Amino acid sequence: MPYVTVKMLEGRTDEQKRALVEKVTAAVSETTGAPAEKIAVFIDEMSKSNYALGGKRLSDQ
Amino acid sequence: MPYVTVKMLEGRTDEQKRALVEKVTAAVSETTGAPAEKIAVFIDEMSKSNYALGGKRLSDQ
Amino acid sequence: MPYVTVKMLEGRTDEQKRALVEKVTAAVSETTGAPAEKIAVFIDEMSKSNYALGGKRLSDQ
Amino acid sequence: MPYVTVKMLEGRTDEQKRALVEKVTAAVSETTGAPAEKIAVFIDEMSKSNYALGGKRLSDQ
Amino acid sequence: MPYVTVKMLEGRTDEQKRALVEKVTAAVSETTGAPAEKIAVFIDEMSKSNYALGGKRLSDQ
Amino acid sequence: MPYVTVKMLEGRTDEQKRALVEKVTAAVSETTGAPAEKIAVFIDEMSKSNYALGGKRLSDQ
């Protein structure tokens, strides 16, 4: 704890995801005081056909 | 904002999903007063082997 | 099924929330073919001190 | 209702998932008094490249 | 891990919730092989005015 | 987008939550390339009576 979920479009590289979880964990630890080894990060990737803004899916724009 | 998530079984057509996000966005905008372009819709598709009712997965029925 | 979650700021009236779940359920039923009585809607209300855009909470703007 | 979500790493067998939803449904029914047929269970499987503890993804350990 | 979320109406007693997390943890441990001390359970309580079935909130029925 | 949810125990100060959303947004922007103004952060606070590890709620330990 804390548990962090990052929901974003698929397509980031492995290197970006590796840096993302490292930097987010550091930011959460620094500001909440939780030890880094207790912080979990989940990446939740969406496809463009399952995400819409303004009533239109990204795959339809 | 608002953020809407629709969790459902996989298998709907692309045309159904396109209509779904359009109609849901309109319904949310009309009833909450939020402008449509601020409303996000996420479709979260489940497989029948990961969803159970009454203790039995749909893939086992 | 489907299961719909609407995440939004607190402060809508009871009448708005009543209309919201009714219209959203109709939109989902019409576009997915699921019978209305099988559709669940959850309203998830956030406070302005627990929601941020651009790194700033709404309560700090 | 209740709605139960089990988030775990992918890789469990079909037999394990079948037993999981059966036993969890029984545990929830017994302790909350909800009838089993009203209880839904969702299994949400993560890959090792989308889950991190201590700032390091399982796929990087 | 696993992480289990139980979403249900508010109103269960403290004793019911204590039994719920104990029995659910045992069920998940037994069927997935995960050690109990690694299993987290979250209880997510809804009010009747934020939950609808068939387009009607429980507070309106 | 991305959408970030931080689930943690209630009890952090307003100042901690303000710093949390600022630092997390910066970390996500830097590593994913998404502009900060498109990044939303939700804080989801749990009570000790609704969170269990190892089958025991924090309020029972």
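Letters are used for the chains, namely A, B, C, D, E and F, taken in the order the chains are written, and counting of residues starts over at 1 for each.
Rule of thumb we're sticking to: a contact is a pair of C-beta atoms (placed from the backbone, for glycine too) under 8 Å apart; a residue touches a chain by one contact, two chains touch by 3 or more.
Since the model is a prediction, treat every value here as computed from it, not as a measurement.
Simply put, of A-B and D-E, more C-beta pairs touch at D-E.
For the touching copies chain B and chain C, the fraction of interface residue numbers used by both exceeds half; the interface is of the same-residue type. Measuring from the averaged C-alpha position of chain B to that of chain F gives a distance of 25 Å. Annotation: 21 Å between the Cα-based centres of chain C and chain F. In chain F, the positions touching at least two other chains are 1, 3, 7, 24, 26, 40, 51. Contact residues of chain D toward chain B in the complex are 14, 17-18, 21-22, 25-26, 36-45. Chain D contributes residues 7, 46, 49-57, 60 to its touches with chain A in the complex.
Across the interface of their complex, chain A is touched by residues 1-9, 12, 16, 19-20, 23-24, 26-28, 30-34, 51 of chain F.
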